[in-house]
Amino acid sequence: MNSSPDTMTRTAIDQLEGYSMNAGRSDSAATRGHHVSAVVPAVRPVVTATSSSRLEQTVKFQTKSLDFFYGDNQVLFNVSLDVPEKSVTALIGPSGCGKSTFLRTLNRMNDIIEGTRHTGDVLLEGTDVYAPQIDVVLLRKRVGMVFQKSTPFPKSIFDNVAYGPRVAGLKNRLRLAGIVEESLKRAALWDEVKDRLNKSAMALSGGQQQRLCIARTLATNPDVILMDEPASALDPASTARVEDLIFELKQNYTIVIVTHNMQQAARVSQQTAFFFQGELVETGDTRRLFTNPTQKQTEDYITGRFG
Amino acid sequence: MSSASTSSMPLASTGASLCRTLSVQRLKEGLIRTGLFACAGVSILTTFGIVAVLFSNAVYDLSPASTSVNGQVQHNAAFFQQVSIREFVTETRWTPQFSEKHFGILPLVCGTLLVSGIAALIGIPIGLCSAIYLSEYSSPRIRAIIKPVLEVLAGIPTVVYGYFALVFVTPYVLRPFFHDLLGFDVSLFNAASAGIVVGVMIIPMISSLSEDVLRSVPRSLREAAYALGSTRFDVSTRVVVPAALSGIIASFLLAIARAMGETMAVTIAAGQMANVTANPFHSVATMTSYIVNVSLGDTEIGSIEEKSIYAVGLTLFLITLSMNIVSQFVLRRFREVYQ
Amino acid sequence: MSDLEVEYAGLLRQRHRIARCFEWCCLIATSSALLFLAVLLAGVIWQAWGWLDLQFLTGFDSRRPSSAGLLAGIWGTFWLILFTTIFTVPVGVGAAIYLEEYSREDWFTRLIKLNLANLAGVPSIVYGMLGVTAFVRMFGMISAADGVTMVISLGFGTLEIPLPLGRCLLAGSFTLSLLILPVVIIASQEALRAVPPSIRHASYALGATDWQTIRHQVLPAAVPGIATGIILALSRAMGETAPLIMIGALTYLAFAPGSLNSPMDAIEDPQRVLDAPFDMFTSMPIQIFNWVGQPKADFQHVAAAGILVLLILLVAFNATAIVIRNRAQKRISW
């Protein structure tokens, strides 16, 4: 029931934190099927039509004719997109075209906005995330999200990173400390903050705050990370660090990133989807899309004729 | 540009009429401005008046040296010119109306703390919970109904609360439960009934101030918390409330200061026994109820008994003022953090 | 999938249960406040049932519960609120205009703003102490023993102003005015601030002076907001008891201020109108307070009847404020 490459990284954490020492394996095995099955769908290998270079790739997320409405205002029209596993998918398009909205349908963040509705399907590993039996709390834990504006909680650095595991029910300080360290290391922030974990996160620089938010997301142990213009408020140096980080992370996580910056999309992503006025105009291998767009609108956009 | 041609043209003689002249119009404007300034000054005068009155009667008499009552020359002396601050602070009896006079503020402060403590116990949890409900849970429609109703609670005169405490809370809530069921000795006038109604009285204050504070926590923090797999409970209690904590505490302080200054409900329901007790079912006198009770009686102007209310008033004023100042400072700091 | 994930999943049901409990707690807390209000109103109506009649509204207080009436309190409250309005409105609105339209952000303005915030938090009884000293006794500058009376002759009667004022209605109104002034100023400031700057700029561009701009453009636009704030503040003054007791309002009084018992009296004998502000007085909440403290059990019903009258008046006041606000919102839409 779990995707195999995933196990590798998890085991790494396990060893680091000594989970295997922990008793209660049999309990876990018993509960596993019962509570989790609805949320963690089985993996179905799907041949992605978009990436011709890789022969067969597992699809992590899939939307099928997705329409989305804020009240009566429809902002997404018939969007069908496959997001391959363990790669970076970039969403580009002029502002207001619905990129953020699309991203937020993937982890149901739009649920908390009054008066929104959708039609069509959003499938995570083949299971509709909007199905009634889906627990949205678990879904969001598995599908993490990083926002444009860094949003550290007004707490210490440690408490920020430990937030997710804590609300999920982890109380053991040692294990928390292990997760915090591991997450900060993966977010390439550990060396900068290891001496001041108990200081307020608000005192960090903008770039550090954003990496902290990434670390905070990693701490909840997601498989997918959604990033909504994560570097657009950062200076070039910090942007470069975040980009490097995304490049690293794609080995273990499926990443969907919204970006305004086409160079960034070209640098970090394998697949790119171009949105225009709520429609998915074109999607495909990043290099192909930037060098040889099939649609006129895409070409206009990437050559800077509008947007 | 035609700069050359303009300079060659003769200057139009409008310059003079643009100059400031002392006209009736200007005079009128100036007078109005001064009048409005004076209006604004009234609030400063009020503060000055309050401080002067309390100081002059309690600490050091500033009024003209002597006044004649019944032909006698009488020297005015403020309360603390007759009673040492030491006695005021350390003595444990407050009996200015008896022949053997003691002036220890402790029983009155104790009564005030008891009543406002009970009020806080009622008002803070309910006020905070309804603030959380209004800001985190309720739909705008429900909110639009609940908020005005809560404000009605704030608009009810305090005598009405006193009446309710005496006529309903004590006989129908406290007596059946604590006396008949649990065997406590509940007197007709007691701190608990007064505390309960004062607690209800401060609910609207706490809930509206705290709700403002909670709402000013940026939406982005809530979204970030949801995105990490939080339930609404997690978001409210682990992110929003902690982020707003200083502001929330400031609203508690304001409300408790209000409870301490609350007069009529306490005068009606809590009785007037100035004693040091922590028993909520006993009659207590608070600072405010003492002042009212002295005012209701026939006290001779200038007597130590009459002066004592100013000493009590000064104590009350200083306590509530400092709580207000602290909470305003905290609230201002809080607002700066979130713009 | 690691153990930890499984552990989390196992805890999930409990987390949702806690979250639901918490929501219920908050809902119950909110409704308990509303429930209290309902019980209070129901209790008062129940106690007042059968006691609120014409005799109660037109009779004076009595030692017998069955014949006790609220008339002295009704007139007392009427005069108190009338004079409080007369004093508060010009001063409060004037101060707000100065603070919003004239003052620069200097130390004096900051001082006034800080001061207003603190004055709003001063217990009302402290205002009573100020009122006694400043108005009733006039700081002892004129002693009560050799007090003077200023006599001003008007066409239809004489205005006799005692100095010091003594325990008269006017002293009560002055005190209430100071008490609600901070609230009125703050509300008026908000109303003025809500008037868009473009209105001012347009007026200045036409060559209007500061005052002309305020008088003809800004104030009319802000009137609904100011009126709402003033009415709410007055309804607070209407329920105030403690400062008036300090001023020396009488708890038992069997006549109305100036012996003006019906509006007709004012026409028949205008002198009574001139006497009213300097007469002794009581007010509705003070009569209620007096009745609550009476040992005879039936006075509880009388008190409830008085409370009901007071609450009805307050509701009327607040309803007026709401109507003004709503109509203004409909009319003006910038």
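All chains are identified by letter, namely A, B and C, in their written order; residue positions are counted from 1 within each chain.
Throughout what follows, contacts are C-beta pairs under 8 Å (C-beta built on N, C-alpha and C of every residue); 3 or more make two chains touch, one makes a residue touch a chain.
In this text the structure is predicted, and so the values were computed from the model without any measurement.
*Asks:* Using the contact definition from the top, classify how the chains connect: line, ring, star, complete or other.
*Replies:* complete
*Asks:* If you tally contacting C-beta pairs, which pair wins, B-C or A-B?
*Replies:* Higher contact count goes to B-C.
*Asks:* Taking the mean of all protein CA atoms as the centre, name the chain whose own CA mean is closest to it.
*Replies:* B
*Asks:* Starting from the mean Cα coordinates of subunit A and subunit C, work out the distance between those two points in Å.
*Replies:* 57
*Asks:* Could you tell me the distance, in whole angstrom, between the mean C-alpha positions of subunit B and subunit C?
*Replies:* The mean C-alpha positions of subunit B and subunit C differ by 16 Å.
*Asks:* How far is the middle of subunit A from the middle of subunit B, if each middle is the mean of its Cα atoms, in Å?
*Replies:* Here the centre of subunit B sits 50 Å away from the centre of subunit A.
*Asks:* Mark out which residues of subunit C touch at least two other chains, giving numbers and ranges.
*Replies:* As it turns out, subunit C has residues touching two or more other chains at 15-16.
*Asks:* When you check subunit A against every other chain, which residues touch at least two of them?
*Replies:* In subunit A, the residues touching two or more other chains are 137-138, 141, 167-168.
*Asks:* For subunit B, which residues are shared contacts with two or more other chains?
*Replies:* Residue numbers touching two or more other chains: 231, 234.
*Asks:* Which residues of subunit A touch subunit C once you look at their complex with the stated criterion?
*Replies:* Against subunit C, the touching part of subunit A is residues 1-2, 6-7, 10-11, 13-14, 19, 22, 24-25, 27-29, 31-32, 35-36, 39-40, 135, 137-138, 141, 165, 167-170, 175, 221.
*Asks:* Would you mind writing out the residues of subunit B in touch with subunit A in their complex?
*Replies:* Listed in rising order, the residues are 139-140, 218, 220-231, 234, 238-239, 242-243, 337.
*Asks:* Name, in rising order, each residue of subunit B that touches subunit C in their complex.
*Replies:* 25, 28-29, 32-33, 35-40, 42-44, 46-47, 49-50, 53-54, 56-57, 63-64, 67-70, 76, 125-126, 129-130, 132-134, 136-137, 146, 149-150, 152-153, 155-160, 162-164, 166-168, 200, 203-204, 207, 231-234, 236-237, 254, 257-258, 260-264, 267-268, 288, 291-292, 295-296, 301, 309-310, 313, 316-317, 320-321, 324-325, 328
*Asks:* If we count contacts the way the header does, which residues on subunit A are in touch with subunit B in the complex?
*Replies:* 107, 109, 112, 114, 137-142, 144-145, 147, 149, 151, 153-155, 163-164, 166-168, 213, 216-217, 220
*Asks:* Enumerate the contact residues on subunit C facing subunit A in the complex.
*Replies:* 1-16
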